[in-house]
Amino acid sequence: MKNLKLVAARPDSSRSVIDVMGVKFGKDFVVIAGPCSVETERQTIETAIAVKKAGANMLRGGAFKPRTSPYAFQGLGLKGLKFLDKAKRETGLPIVTEVVDTRDVSWVGEYADVLQIGARNMQNFSLLREAGKSGKPILLKRGMYSTLEEWLNCAEYILAEGNPNVILCERGIRTFETYTRNTLDLSMIPAVLKESHLPILVDPSHGTGILSMIEPMSLAAMIAGADGLEIEVHIDPPSALSDKDQQLTVAQFEKLMRKLEKTRIFCANLKAMDETMDGDTTANDGKSSGRRDSAEGKESVERERELNPFIDAVD
Amino acid sequence: MKNLKLVAARPDSSRSVIDVMGVKFGKDFVVIAGPCSVETERQTIETAIAVKKAGANMLRGGAFKPRTSPYAFQGLGLKGLKFLDKAKRETGLPIVTEVVDTRDVSWVGEYADVLQIGARNMQNFSLLREAGKSGKPILLKRGMYSTLEEWLNCAEYILAEGNPNVILCERGIRTFETYTRNTLDLSMIPAVLKESHLPILVDPSHGTGILSMIEPMSLAAMIAGADGLEIEVHIDPPSALSDKDQQLTVAQFEKLMRKLEKTRIFCANLKAMDETMDGDTTANDGKSSGRRDSAEGKESVERERELNPFIDAVD
Amino acid sequence: MKNLKLVAARPDSSRSVIDVMGVKFGKDFVVIAGPCSVETERQTIETAIAVKKAGANMLRGGAFKPRTSPYAFQGLGLKGLKFLDKAKRETGLPIVTEVVDTRDVSWVGEYADVLQIGARNMQNFSLLREAGKSGKPILLKRGMYSTLEEWLNCAEYILAEGNPNVILCERGIRTFETYTRNTLDLSMIPAVLKESHLPILVDPSHGTGILSMIEPMSLAAMIAGADGLEIEVHIDPPSALSDKDQQLTVAQFEKLMRKLEKTRIFCANLKAMDETMDGDTTANDGKSSGRRDSAEGKESVERERELNPFIDAVD
Amino acid sequence: MKNLKLVAARPDSSRSVIDVMGVKFGKDFVVIAGPCSVETERQTIETAIAVKKAGANMLRGGAFKPRTSPYAFQGLGLKGLKFLDKAKRETGLPIVTEVVDTRDVSWVGEYADVLQIGARNMQNFSLLREAGKSGKPILLKRGMYSTLEEWLNCAEYILAEGNPNVILCERGIRTFETYTRNTLDLSMIPAVLKESHLPILVDPSHGTGILSMIEPMSLAAMIAGADGLEIEVHIDPPSALSDKDQQLTVAQFEKLMRKLEKTRIFCANLKAMDETMDGDTTANDGKSSGRRDSAEGKESVERERELNPFIDAVD
């Protein structure tokens, strides 16, 4: 992973912790929940209260919506930001909302606690620089066509402007498969943990586009090591102005949160096993397997490929 | 999912259980482990003993290896099958091995307990038919370029010949991302559970091609509902004749198995929560969320898309 | 192709002609040539003089360069625009240059005759709207991950702001194939001609990234019906600050232009054959084949697919 | 392009000529035409007579059809081969037909003059070896998911068995774009011409799946340097049992052939320009541009990429 100076994993493997009003990305498992789009004051506040009660750590909601067609609902803009602000004062939940224009970064940043840069703008380098200059925490989604290397370079744009507060979010890539809306690439969790010190979230809502997949993919993301989730929740999905088929009801979200909480504790236990088991194995074994996994893993694959291009997929 | 007659999910949601010498796919969580290629008698038997001891349920090993280049190691053929047979007699582990030629199905079937059809042959329809006629349990890997619909239709080819014993295995698809060898598509687990009654395994070894990803992807597959795993294990990976950089050492496999065992129990508890929680919520809520998730989910998405094509990815 | 109001093909099949200082997109075959990046005054002016002499109709050159890494050369900005302006005054060639920030549209528009929106910003909807408001001719490149439908909807964003002057440019999509830099999708030429009235260019330089492919792909684009080409030419490719391996030398460009000129005349003759041949065939035949090709073509495919999903790729 | 011994371009750039009953692949421009599937004796013979009259050099027709669903029409098998044989005796046209099973290679080879290996079987290595042993000319289609390197390695399998008579055929790859059935990758024409001595055809019927694209893509393939085309023609497309929406009528095929004939002559003239122009430029220029294009082109790109990964797509 060349050309990464600020984003690359640290020699001591320590990871960034990004504190947003006490919510600690990279340390705690963070759940960001809320509607796809901010639609009405009531919808925003009721959703905020409900997701907070269910255990969410942060509220999401789009005021500026990138849409395929110019004739689709484009978001409420400033009005939407004000609804989010009201919901924040009501619940104490910090706000994540998308910004899509360099001219909006500073004023939207007055309403948002975290600015989201969406998949379509991942390589909008002007926006990345402006986001860097703002100093605000940035949630940087992976472009639907972007490699890990390109994605991390986009984070590098932000850090290069002096802003270390970048949170990555895998949200599915575009492939030939049309059954799901995108192909959620959970391998990016261990990949980011290996290549960077930045926190990595997963968005199973856009990543699958299928309601019944959100729970299994959320649990899978957690156990694979993700630092959190971004999930769409709506008080009345059928009436939603966008993404109506992939937003959880409040009841579904509550159920998911109870499972996530149980799984979170289990994952801590599982992690504790690592230390015990590493103690079990002889120092020699431990070291050698450790070395293969982390430091040398990818490099040796690459070296090997150079020598013999036919170490190929055989099953 | 049109044209599926025998493979499609049953009205009562019951699932197929495929019993291979007491190993019950679709009921128990099954771990198939072993080397990419069968190389020597010692390697095969030692690996078999080791993976058995670690808790594996079945032994894998390739005697016929599809390779990109005609000049790469192509497998030991019959000699390899005999080593597998010896390993089976030594350990009692049933054998999974790939078949690549219609002419080999019947005689390879005398050595194998499960015949594997690999990614490159997924749409080798003659081979599918022959596999169907053989009556042997078939492990059908997803083609690296294949949609869910095409994959299930390939299973349909086998069932249409009167052989109901098909086990599906997701092993990653080909995308633009080159960091991983393939993009492991874990969303296929809930997808198959919804669309079919057949068991669904995951192969994290070929699915990622990166040693350090095998554990997190294995745990993720399990919690997402997979019926089992197929994992490459080698007694001495650096000396392997194929896939040397993605095969676990025995020590690494043992560690993984201990985590999987713990996770298996946890998943059972998590599933038990479903029943409790479904009891908690009012009958109405339970039903409606249920209906949305399963029966109506995809259909309503499709209906919606027809009406409004711009319910589009917005983040 | 739903939701297209202004961009969709007209009932009478007439096509837009966009006149830029006498260069008529949609009527004449237009060749835009010039360096990837504007680097020095000398380089810009010498290239302009050379491509003009060779027959180019317009000068391209990037002053704002979207680059994967923040540490790569990012373009000269205003200084670069001034070099382009000088080259324009020297040669009379109109200027095409990329704009990457909503804040720059109006002032960059004072130097550019055509504003280019690059692949990475294709779905930067704020930029599209600003481009629409500017009234300037816009060269809209296809995103490397974008479907025809999404691309045309992006053009619709510009037209919806009252600016009818949009020129489309196919520049390759991202696929699994890594031999070429992108996969140049020449089928988009007949596709755009069928679905829209807007001019369609092809960029073989980015579309292939391989010097020796530029000539065959340029000729292919012309005979397939493209309205023009955008080609990278540099007076000294090895010294270029970007894309050094895909920029033509002046000598190579001259040779290409001579072939294109010959081919242009041939294509006019070939087109004339259509009328003669349509006269040859009986009215009945002519009509029926005509109807199949244009009006009903796609629709009947779609209707068919609904009825029978297995009209599938069989070779 | 490593590991290619027999398939790689020759030092003297000479190309293979494969003579099938006087039809010279790699020397003459060859048009293979005929129905997707052989359906009836009348359909086969009438189509053969019509395409022969229009100028086709060879007859295609599927007797064994790989189909996504087991319940779709699978071809007539031996009966179909007999119809093809009758059509051959009637018209003198050599026959190309697909073989899908190792057990069928020898007996199908008694009816076929060229054996086709379809996209789905491109990496059916057993079939490739059997095809190699047969000695018959083999038309090897590119897999819809296959890189150039993999494709050429598949040809290597056939040559490695002592059969030098391989004809390559690009037929479109699978991408995210669903407007066309596949994405026809015409850049494979110059790529194959550079990397191999084998003839390269293009199949615009499967490559686009859209009737109105067949003419422009055929002309584009020819001018880009293809050695021929494989095109689906049916005497009554609406009644076809497969691919009914992409098969040309006889009248459409005749029209296309007249244009191709005209274009063939033009291309010869265009090629003659090369020699004249190469004489024009100074020896120095000629050599240096020559060297960049061919011998050093790809290598220098690769060397460059190693040094600086950010010579990246900027438009």
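A, B, C and D label the chains in the order they appear, each numbered from 1.
Please note the rule applied: contacts are C-beta pairs under 8 Å (C-beta built on N, C-alpha and C of every residue); 3 or more make two chains touch, one makes a residue touch a chain.
Predicted, not measured: the structure shown is a model, and the values here were computed from it.
**Student:** Over half of the interface residue numbers used by both chain A and chain B, so same, or under half, so different?
**Tutor:** The interface is built from the same residue numbers on each side, given that over half of them are used by both copies.
**Student:** Provide the C-alpha centroid distance between chain B and chain D, rounded to the nearest whole angstrom.
**Tutor:** Centres of chain B and chain D (C-alpha means) sit 35 Å apart.
**Student:** Take the average of all CA coordinates in chain A, do the same for chain B, and state the distance between these two points in whole angstrom.
**Tutor:** Taking the mean C-alpha position of each chain, the two centres sit 28 Å apart.
**Student:** Hey, how far is the Cα centre of chain A from the one of chain D, in Å?
**Tutor:** 45
**Student:** Residue numbers in chain B touching 2 or more other chains?
**Tutor:** Correct list: 3, 66-69, 71, 144-145, 149, 174-176, 178, 309-310.
**Student:** If each chain is a dot and touching chains are joined, what shape do you get: line, ring, star, complete or other?
**Tutor:** Basically all the chains touch each other, so complete.
**Student:** Tell me, which parts of chain B touch chain A in their complex?
**Tutor:** Spelled out, the residues of chain B in touch with chain A are 36-37, 62, 65-69, 71-72, 98, 116, 118-119, 141, 144-145, 147-149, 171, 173, 175-187, 189-191, 194, 203, 206-213, 216-217, 219-221, 223-225, 230, 237, 242-245, 249, 251-252, 255, 258-259, 262-263, 266, 269-270, 273, 277, 281, 285, 289, 292-294, 297-298, 300-301, 304, 309-315.
**Student:** Under the touch definition given earlier, write down the residues of chain D that touch chain A in their complex.
**Tutor:** Contact set of chain D toward chain A: 2-3, 174-176, 178, 309-310.
**Student:** Quick one: which bits of chain D touch chain B in the complex? Just the residue numbers, please.
**Tutor:** Going by the criterion above, the answer is residues 3, 5, 66-72, 100-103, 120-121, 123-126, 129, 143-145, 149-150, 153, 156-157, 160, 174.
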